[in-house]
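One chain, subunit A, links the two complexes that follow: it is found with subunit B in the first and with subunit C in the second.
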Partner chain A sequence: MTHVPEGPAESRLEQISRIVIDASSRVPVLLWFTSSVIWLLFGSLAAMISSLKLHHPDFLGGIEWLTFGRIRPVHLDIVFFGWSCMAAIGALLWLQARLCHVRLPWPVLLSGLAMVWNVGVVVGSVAVLAGHGSSIEYLEFPAYCAPFFAIPALGVLAANVKMYLTKSSEHTYVSQWYLLAATVWLPILYVTAMLCTYFGLVQGVSQAITNWWFGHNALGLWVTPIAVATAYYLIPKVTGRPVHSYHLSLLGFWTLAIFYNWAGTHHLTGGPLPAWTITVGVVGSMMMFIPVITVAINHHMTMRGVFSMLKTSPTLRFTVFGSFMYTVASFQGSLEALRSHQEITHFTQYTIGHAHLGLYGFFSMIMFGAMYYIFPRITNNEWSSARLIKVHFWGSALGILSYGIGLCWAGWWQGTMMNNPSIPFLQIVEYIKPYLILRSISGAGMTIAHLAFALSVWRILSRHHFVMSGPTLFTTQRPPWREFVNEQNQREEIAQ
Partner chain B sequence: MFLISMIIWATALLGAVMTVWALSWAVKRGEFRNPRQGAASIFDAEEPIGRQTDFFPSIRPGARS
Partner chain C sequence: MNRTFLVIVGVFLTIAFSLSGLVLIPNWQFQEHQPVRNARDGSQYPAPYYGLALQGRDVYVDQGCAYCHTQQVRPKGYGADIRRNWGNRRTVARDYMYEYPILLGTMRTGPDLANIGARQPARDWHYLHLYNPQITSAGSVMPRYPYLFRTIKAGEMVPAGAIPLPAAFQSEGTHILPTARGEQLVEYLRAQNRTFPLPEAKQP
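And then the complex of A and B:
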């Protein structure tokens, strides 16, 4: 028997419309998301091998494919291209369809592009493991991998623009600004960086500038906007409270768009660059306080008075944690750009700690939150176990906190000691060794969390615990959505 | 090489022009005129303001903490 949602006609139409939109994004979003979860596991494995090698250099030392110089870039590239980008694109497609109130266009094409992207990550990772990677951070994959990412990025951009141009919602919600901008920025960043670095357009110092212009902006103008957009949707949506200050949210977007692009050269402070290029990076980094503070105020004030909801909502727990870490990592990053700060922290474990606080503590946690919200709605199924979700949360949260705090602490003192010529280098190495072991333990915690998450995903996909009317699907039972799609089609035909 | 340089500079210029155009377009369209309505645009009758929409599997929607 089919259970049709009851209630006022307007409410019912809105629910049907939402279900139909979710159904339209089902296959492509599931492909982007499940691929990202699989890459997260491979990325974790590469991370553990890399980390163990730092305090046990002989570990797997006889296998040239797994030497530190290869496995560490593979970790970075799998986590960036495999996990981060694929999770971000999945969230982007679902979110934009919902906010535009339109069905996701070209589902077959977008599914195909996910497979193309996967091929790119496989080919690139094997190439780097085989020793064919470049030494350009974030662009280690050989040049022949570029089409595997550039073409899908253009396809995602086209789908995003099409949704926006055909939207049936009147207003452009703040998240949509971020999503549109991110999809415009990515192809420009990636294609420009690849052309410059691999076709000899820039060399030497200029190549390093291009490298960090891309590396920094790939985080700040691609994955960051998508995570902030997701948080701007999920926190109000889950709590049932509109954003505290919509003005601030718009100010945050436009200041990010204007200032972030300038910050990349702070990665090269102390390097043989013209001083003004570094000063531009420092100024850009300082200006980033504006968008970060707007987001921090907005998310905190939206949550004020309802923090108890963190106990009852997995989505909110991950997303609010990620938003808090956005503030922490961004403040830290801006201060880190200062020359006086860099004198101590450059070339130390501090930078590694900061990078993980940003990409994991902020971005990945928000993506986990998004997946906990989206998976039930596109699979029409409930998560199987609250315990698994809690293992995931605490493993990830405690893991990244101990990782970030441990490495930043160790890095600071490592830098202070390195600036003192009377301290032997070996003594500094001995000093940071316990912190490197802590890094591996923290990484193990996060890996366990990822396994718990992957198990949850496997169960929800395999319908191991099939419940159509669970709490995350609200209070109404949802019938097979094919009936809703047919009903919506008939309504649209009549309207035409 | 020259062609690639020109393409990159043209793209950068296009990006800057597009950003300024998008901002002025949004202002003219009134996107920033009614922030209260904008903030509430993600809610509707089925998922209204004031209703929590996500729970752990073990928690019943009615049981707010």
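And then the complex of A and C:
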């Protein structure tokens, strides 16, 4: 796939058509994105409460609605359904419209669906806090929340297929395959898992398999393809270089589709299941090396020679960081699936560290990169401050690295000690407490980063009629926001 | 490569295969599970929960106990579950044939509970532990569950059912009794007993 680099060679017609396409996606994409950023803040709050409770159990102690067993699943569900899914849908709608060279269809419907999704997250979160959660990871929201997610997922699928069928571009980019596949997979995954879980379609330990078939695939077949597609779009776009190898990207796509599907049962290693079900999961996980390596080669080779752009472009820095973490987290995940590895790390903080390296270090960082690219194009404004973006990047990057490394280290030794029966259990609890405190500190770094990001988003939205010129790079000097607003207000007064 | 149809059919097939292979076929395979009969008293194992224990499962779910406790014993030689006395044998699929929802768990911030009923049969131990984990397990990071208990003023007389708090945790002239939900949860925990030998998982 080759992207036409932005530059003088580009025809004016193409520029205008891009502006028209961006304008068509403006309202729905803004709604999905802004909602996701708000949920990111709530998710961070729930995360901080859970994390503090884990080393200081009396923090907000004795309050039933905030007990660890409720606030922790609320954190997971808000960051998954609220932040990750909504950010992913915003990115995919915008990307698919651009890649297909068509205007986004049904903007009113897609905006309404964003609000439906929001209602689902609110209702579900309150239900879990009130004690109506199911204790099934990723599927805690009660059955009556399902339509709030299933219907928008089908709507997004329909819009995606419509764009794909009416596309006016001659090429099909590999990003489009990932986006199309993800929107096919999500409704199937979600509806099937909800039916099996809540309507008794499967019994006994099959429920646990269904749980991890969904839980693992929701990450691998829904948010991962969207983030990979986004990186496949943004890296060439910002650097102005074509993707290294088209054939590698095809291989990466189909191997992901075939192998990721089977990997989920490694979450049940050592559990009460026939050995073959686990073996299938281990094999699927090992085969994931193929799509991961192909994506890594493609992204790295595309970046070769232009790594210096990471100094200036916020979009590129977030996206390349995320893409790098995809390789790291996936390698770790494949090795983690091995039985000898699981004997130690299963049931420990190691798994939590790995999950965050994936969903945060990889997926969320790429979504941040995408938002830094897309918000200016749909608001016709620029980011107010390079400093806020720096706070965001370093808070997130250092936060997730210390979080991931700290918890994986702690989890490894936690598991090693747990496998030595001469060490009393409470001694293990004492051993990991300092690392749990480190987790809270890392979490605080990420929360500060999210506040900086939310402030940037609020500014780009709230004053969108004050057009700032030129992209905000890390090297861009902007006047302080207050001065800028005052100046604009004065100008307005004079104009009146 | 305008093969829209191929892509959609292809991605649909990948997920249909994994659903059949991982969920539907094993589920069909498990249909043949039958409980076994205990020759001594004629009872069956596994048996569905009933009464307070059944209600207690809802409390276990709504409090989210499964986020820190597993209910599965790994085989001998794989981890130290059996040597830690968390069970006398590995747990197998048949142990869970009546579990709905199943609460295997994935995290051991606290110990495994597959056989907590066999390890801690005394109600009072559970009440003390839930009221304040520091009483039974100093240094634990488990939260307190004061809302599963009620406080009554009873002067000198100790009311029936009051939990035997150590002096350091008791305030003058008050007694602590479990609420209905507290009783249900404890009966559910006491019902966690997967020690009965099954042909496919004999005691080691």
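The rule is simple: the second predicted complex is superposed on the first by the 458 of 496 C-alpha atoms of A that agree within 3 Å, B and C clash if a C-alpha of one lies under 4 Å from a C-alpha of the other, contacts with A are read in each partner's own complex, and residues count from 1 in each chain.
Following the convention adopted for this analysis, a residue touches a chain if its C-beta (ideal position, glycine included) is under 8 Å from a C-beta of that chain, and two chains touch if they have at least 3 such contacts.
Just so it is clear, the structure is predicted and the values come from calculations on it, not from any experiment.
Novice: When the two structures are superposed on subunit A, do subunit B and subunit C clash or fit side by side?
Specialist: clash
Novice: Touch check for A:His392: first (subunit B), second (subunit C), both, or neither?
Specialist: A:His392 sits against neither subunit B nor subunit C.
Novice: Contacts for A:Arg459 in the overlay, against subunit B (first) and subunit C (second): which applies, first, second, both or neither?
Specialist: Touch partners of A:Arg459: none, neither subunit B nor subunit C.
Novice: Per the contact definition in the header, classify A:Gly69: touching subunit B only (first), subunit C only (second), both, or neither.
Specialist: second
Novice: On subunit A, which partner's contacts cover more residues, subunit B's or subunit C's?
Specialist: Ranking subunit B and subunit C by residues of subunit A touched puts C first.
Novice: Looking at the overlay, what does A:Ser384 touch: subunit B (first), subunit C (second), both, or neither?
Specialist: In the superposition, A:Ser384 contacts subunit B only.
Novice: Give one of first, second, both or neither to describe whether A:Tyr164 is in contact with subunit B, with subunit C, with both, or with none.
Specialist: In the superposition, A:Tyr164 touches subunit C alone.
Novice: Output check: A:Tyr373 vs subunit B and subunit C. Expected answer is one of first, second, both, neither. What do you get?
Specialist: Only subunit B; A:Tyr373 stays clear of subunit C.
Novice: Would you check which partner chain A:Gly240 touches, where first means subunit B only, second means subunit C only, and both and neither mean what they say?
Specialist: A:Gly240: touches subunit B, not subunit C.
Novice: Kindly classify A:Thr192 by the partners it touches after superposition: subunit B alone (first), subunit C alone (second), both, or neither?
Specialist: both
Novice: Taking the superposition on A as described, I'd like to know which of subunit B and subunit C A:His341 touches: first, second, both or neither.
Specialist: neither
Novice: Shared contact residues on subunit A for subunit B and subunit C?
Specialist: 172, 184-185, 188, 192, 196, 200, 254, 257
Novice: Can you list the residues on subunit C that touch subunit A in the complex?
Specialist: By the definition above, subunit C touches subunit A via 1-2, 4, 7-8, 10-12, 14-15, 17-19, 21-24, 26-27, 29-31, 33, 60-68, 70, 72, 74-75, 78-80, 83-85, 90-93, 95-104, 106-111, 133, 137-147.
Novice: Which part of subunit B faces subunit A closely enough to touch in the complex?
Specialist: Per the stated touch rule, the residues are 1, 4-5, 7-8, 11-12, 15, 18-19, 23, 26, 31-32, 35-61, 63-65.
Novice: Would you pull the subunit A residues touching subunit B in the complex into a rising list?
Specialist: 7-8, 10-12, 14-15, 18, 99, 169-174, 184-185, 188, 192, 195-196, 199-201, 233, 236-243, 245-247, 249-250, 254, 257, 308-309, 311-316, 372-373, 382-386, 389, 467, 470-472, 474-475
Novice: Using the touch rule from the top, collect the residues of subunit A that touch subunit C in their complex.
Specialist: Contacts found on subunit A: 53-55, 57-58, 61-62, 64, 67-70, 72-73, 131-137, 161, 164-165, 172, 177, 180-181, 184-185, 188-189, 192, 196-197, 200, 202-210, 213, 217, 221, 254, 257-258, 261-262, 264-265, 267-268, 270-274, 277, 280-281, 339, 343, 346-348, 351-352, 418-421, 425-426, 429-430, 433, 436.
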